[in-house]
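Each chain gets a letter, A, B, C and D, in the order it is written, and its residues are counted from 1.
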Amino acid sequence: MRKLKVGIIGAGRIGKVHAESILYHVPEAEVKAISDISMDYVQNVADSLGIPNAYDDYKKILEDPEIDAVLICSSTDTHSPISIEAANAGKHIFCEKPIDYNLERIYKTLDVVEKSGVKYQVGFNRRFDHNYARVNEVIKEGKIGTPQIIKITSRDPKPAPIEYLKGSGGMFFDLAIHDFDMARFQAGSEVKEVYAVGDCLVDPEIGKIGDIDTAVTTLKFENGTIAVIDNSRQAVYGYDQRIEVFGSKGSVEIKNDTATTTIIRNEDSIQSEKPLYFFLERYMGSFVEEIKQFIKAIVNDTEVPVVGFDGLQPVKIAMAATLSVKEKRPVKISEIK
Amino acid sequence: MRKLKVGIIGAGRIGKVHAESILYHVPEAEVKAISDISMDYVQNVADSLGIPNAYDDYKKILEDPEIDAVLICSSTDTHSPISIEAANAGKHIFCEKPIDYNLERIYKTLDVVEKSGVKYQVGFNRRFDHNYARVNEVIKEGKIGTPQIIKITSRDPKPAPIEYLKGSGGMFFDLAIHDFDMARFQAGSEVKEVYAVGDCLVDPEIGKIGDIDTAVTTLKFENGTIAVIDNSRQAVYGYDQRIEVFGSKGSVEIKNDTATTTIIRNEDSIQSEKPLYFFLERYMGSFVEEIKQFIKAIVNDTEVPVVGFDGLQPVKIAMAATLSVKEKRPVKISEIK
Amino acid sequence: MRKLKVGIIGAGRIGKVHAESILYHVPEAEVKAISDISMDYVQNVADSLGIPNAYDDYKKILEDPEIDAVLICSSTDTHSPISIEAANAGKHIFCEKPIDYNLERIYKTLDVVEKSGVKYQVGFNRRFDHNYARVNEVIKEGKIGTPQIIKITSRDPKPAPIEYLKGSGGMFFDLAIHDFDMARFQAGSEVKEVYAVGDCLVDPEIGKIGDIDTAVTTLKFENGTIAVIDNSRQAVYGYDQRIEVFGSKGSVEIKNDTATTTIIRNEDSIQSEKPLYFFLERYMGSFVEEIKQFIKAIVNDTEVPVVGFDGLQPVKIAMAATLSVKEKRPVKISEIK
Amino acid sequence: MRKLKVGIIGAGRIGKVHAESILYHVPEAEVKAISDISMDYVQNVADSLGIPNAYDDYKKILEDPEIDAVLICSSTDTHSPISIEAANAGKHIFCEKPIDYNLERIYKTLDVVEKSGVKYQVGFNRRFDHNYARVNEVIKEGKIGTPQIIKITSRDPKPAPIEYLKGSGGMFFDLAIHDFDMARFQAGSEVKEVYAVGDCLVDPEIGKIGDIDTAVTTLKFENGTIAVIDNSRQAVYGYDQRIEVFGSKGSVEIKNDTATTTIIRNEDSIQSEKPLYFFLERYMGSFVEEIKQFIKAIVNDTEVPVVGFDGLQPVKIAMAATLSVKEKRPVKISEIK
């Protein structure tokens, strides 16, 4: 059987992760080409991963008629324009999140994609994580009845550098956006209203650039479910990633993953391990799985598991949360246009 | 040494619990008299507990010059008037929560109490629970640094009968008021703003009487701490009572208490025990401890651990939460007068 | 209803514990008298507990025709002679473990007791502990099928003083005897062979008096169940008391009880609480329950839950284990006569 | 840099696992050839894994001068003869456990290997498991002081087919041998005496072929540590793989790994996940790691982490345990010759 040919646009950390996923875990596909701005850098990446073609211009990937699908892993500001070009070139698209920070551009991108008929998957990888995916199965199996309250804890081990944060779009776009997607995923419904409380409690430097580092966001869903998300830029004990979904017949929750199950008992206390360090450690399995399912959807011509609309909604929620903190009031999603 | 003489006003469930606490666990005090509306009933209670005097009129307790302190365990609407009478009679007072649902009456009660010079403790027993008290110690020991986010889960195993709920003042006054006190206790600060989302997701009958059964409440404290409380009238797996306090140097949380530590492994799953059934089972130790400390404060003439102001504030928060759900907006505590 | 009158022989730690159990938790009984060697001491104990009669001669208790039952809490060497005297006086007997270290004397005691027709309960309190009792229920409910392997962990927080250990009969009689009873209790069968490995790994002083401080004992039961018990005189993290029973349909195990369910997360690790400190903290509930059930058996004239034979068998197992360590071979219980 | 060339002898389940480990996780090596008895079968395996050469005669691997190392994954009876041939051919050797069931042949193999100077690693993979390896680190870091008691639980989810068991050498050789290695690994000492109790409690068919399915084995180590291992052919709740090492300053233990950290609460109980199904799921990481370290030892010319002597000792312990059950007595390792 012919292998699906994939081109990767952007050879940074996540681009390389996806390349390795295909190399080691997706026998139905192969990476034919990879591009990045620096030719030296991308050639090096291509060599070390055994990718036959390296380009400093992503257009060469789009022009290659043999390539079936592209993974857009370049900087956020290029996601929507390259998505449009790739769709016009007839390539199936896996696009890292977020599609854009500008709603007009997202609408246009989704419009072009839809008309082109290519598949378009957005990189909300956590849906594919073994723990979060199992929570979703438990809900769908009816084991907890109708979800009523969703509680998401999502805390980073430490803040990114200020320079990075300046261009990040703010905590709701950079950190909480995954949680907004997760809440939608588990609620099985759309958010209608957002109320967010945010403050700068971790590092005053973050406050100086107009951002926050601590937030609690309440989401009201159309089906009645209430979700509450607490975010922090700094949990000194590590990357804290948990969810609890409480329903009419019970609840399901997950604990953090740890490197080992070791428990040490000594004179001081009983000690267990801290969570896995950060997102690469914690979510590696989900990065593999999202690419597997993207390729599978192309091969079988079925719908991709995270569609363009799933890329749009969390951006709207992040906008609503940002506005809510600013104006100290609940904000309806219908206000965000 | 002369034992402190205590009179108990109201011989219902909680009145009997306090009587037994003194009988079995507080050697410095003895219950001299107990009153209730029905003479037959209260005589029976007195006999079974070995209390020498039973009355169908609480005024006889207040008139007994030998009685040093009274426990007001009668119906909520009598808390403030009896508090005032008892203070005027020079009795130290332990008053079940809430003092009242009317702010004017609370202000007046606290005013009379203060002028009288008697001690006045409000029955927020959970502060004395082994788990919640330990959380407070951990915070005070500086082990988690400055508290930033407080998460309280407080869910009943099943709704009280509709007839009871009708007179309960609503979910925020009847159920969440303990959580509002707990949030203040752990935050070590005062609430300045409340935002609550509430809905009727458990039983439509509760909605018909204008009440809610599911709520998520966000509290902003003056010191920057953000608290979020989720309440439900029905957790089918039992009484779910947990807290997590997240701070600059770590976090502290508690799990539910269980009757045993048994774990069963079988073909289906690994099973551990459900939480202790309801508040009498879960909080029995705290009922004993609050009375111990009340008696101790009288004997040593020190301040009681939960003062009148602690009885006032949660009522204000409950009012703000109720208004917030009604008007769909955050409500400042300063609006509640 | 007439209350059962109880006399307590021996006013040491455990005698006082039992007195308080009756005082606070057993309404069907009252302590009429207590005796100990020192009149001053026992009078003091009686006064503080409100026991009407204090004697320096236990015979006065036996001679009191109003007294229905005695609790023998005096030193181990007096257990069997006083048991015999009490049986001859027609008193129901609760006797602390062990009945004796000498098999001949145990046989004689049990013989006299049987002929007298009084009830005779031996103080193996752990059977009444909430956790161990629940394990037994789980087994009896058939939830784990037929027990195949029983694993008992029983470790003290620190060794008793050498002077105490010298007269203790050795680790198997002093510490492990509770575990031998527990293994029988859960296996529902009799031990037929014992193999024990023991060593002095904690404190060389213990070795100098000919005792051991670390042991692993294997018990073969008549019904095929294999039990293994590990004992240590010193677990630096506290009193470690656990069991796992593995069967054909699953397993049941218990964790240690802790004072609170607090979990602290910080930069170093995730910390939970150490076990409850020692046997008084850990097993207080079981001391109450064993007396409750003893009194109940008298009142209802049913069989006591731990009979004389249950006092005999663990002594035989301890003898076999001691011999096994000495002769480095498995020892049959039938060898112990 | 030139990649190390590896030949794999035996293309069954474990041979394929090792091939994939090298393919995906060991960039310093490549699999040049694989052999098995059936040419069709092995050609198929080679094609699917991209291995350039497939043979139905392992001698072709040994004759290839370019091949540096071989992995012996063929049937147990061939381990020692092929080890000798490979050593004589100057190939470094990774040999699956056990080397042999016959001591004479093991001695001869180890003798030839030693004289040849090639590296020889035995496939006790569990030492490389993240949990067991961490336990070893904790011990070596001195966190629990001197190990005194080691408890190993090792239970299969269900018995292998009777036909397999007939040729397995018995439960101690087939199942417990990993645990004997583990006990040595964690104790850091050699076993001097073995006492084993074994019975057929799971399936009478196993008894009919003269084997047992349930065992408790006590090991006395030269350094005073006592280990106890409990084995069962059938834990209905899944593959139960745990260890606890108790020492002078504390203890360290591991829990079973699970597929997710999901906890479900419902009306019945609180449910967590069963252990990972069986050894391929549970120990996959360790299979990768042992090969990584084997290759690394060759590349860096350092000692392999599990040497020939480590292959010999567990066989002796298994022989002693078998004899102990048969003769119902403790057996000294020095008796096994």
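Here is the rule we use: contacts are C-beta pairs under 8 Å (C-beta built on N, C-alpha and C of every residue); 3 or more make two chains touch, one makes a residue touch a chain.
Everything numeric here is computed off the predicted structure, so don't read it as measured data.
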Both chain A and chain B are touched by which chains?
C, D
Taking each chain's centre as the mean of its CA atoms, the one lying farthest from the centre of chain A is chain C
Two candidates, B-C and B-D; the one with more touching C-beta pairs is B-C
Per the C-alpha means, the centres of chain C and chain D lie apart by a whole-Å value of 43
Can you check how far apart chain B and chain D are, centre to centre, with Cα atoms defining each centre and the answer in Å?
58
Using mean CA coordinates as chain centres, what's the chain B-chain C distance in Å?
40
Spell out, as numbers or ranges, the residues of chain C touching 2 or more other chains.
235-237, 249-251, 264-267
Using the touch rule from the top, collect the residues of chain C that touch chain B in their complex.
24, 130-131, 134-135, 138, 143-144, 249-257, 259-267
Using the touch definition up top, name the residues of chain B that touch chain A in the complex.
146, 148-149, 151, 153, 155, 195, 197, 199, 201-202, 214-216, 218, 220, 224, 226, 228, 230, 232, 234-237, 246, 248-251, 328-330
In the complex, chain D touches chain B at residues 235-237, 240, 264-274
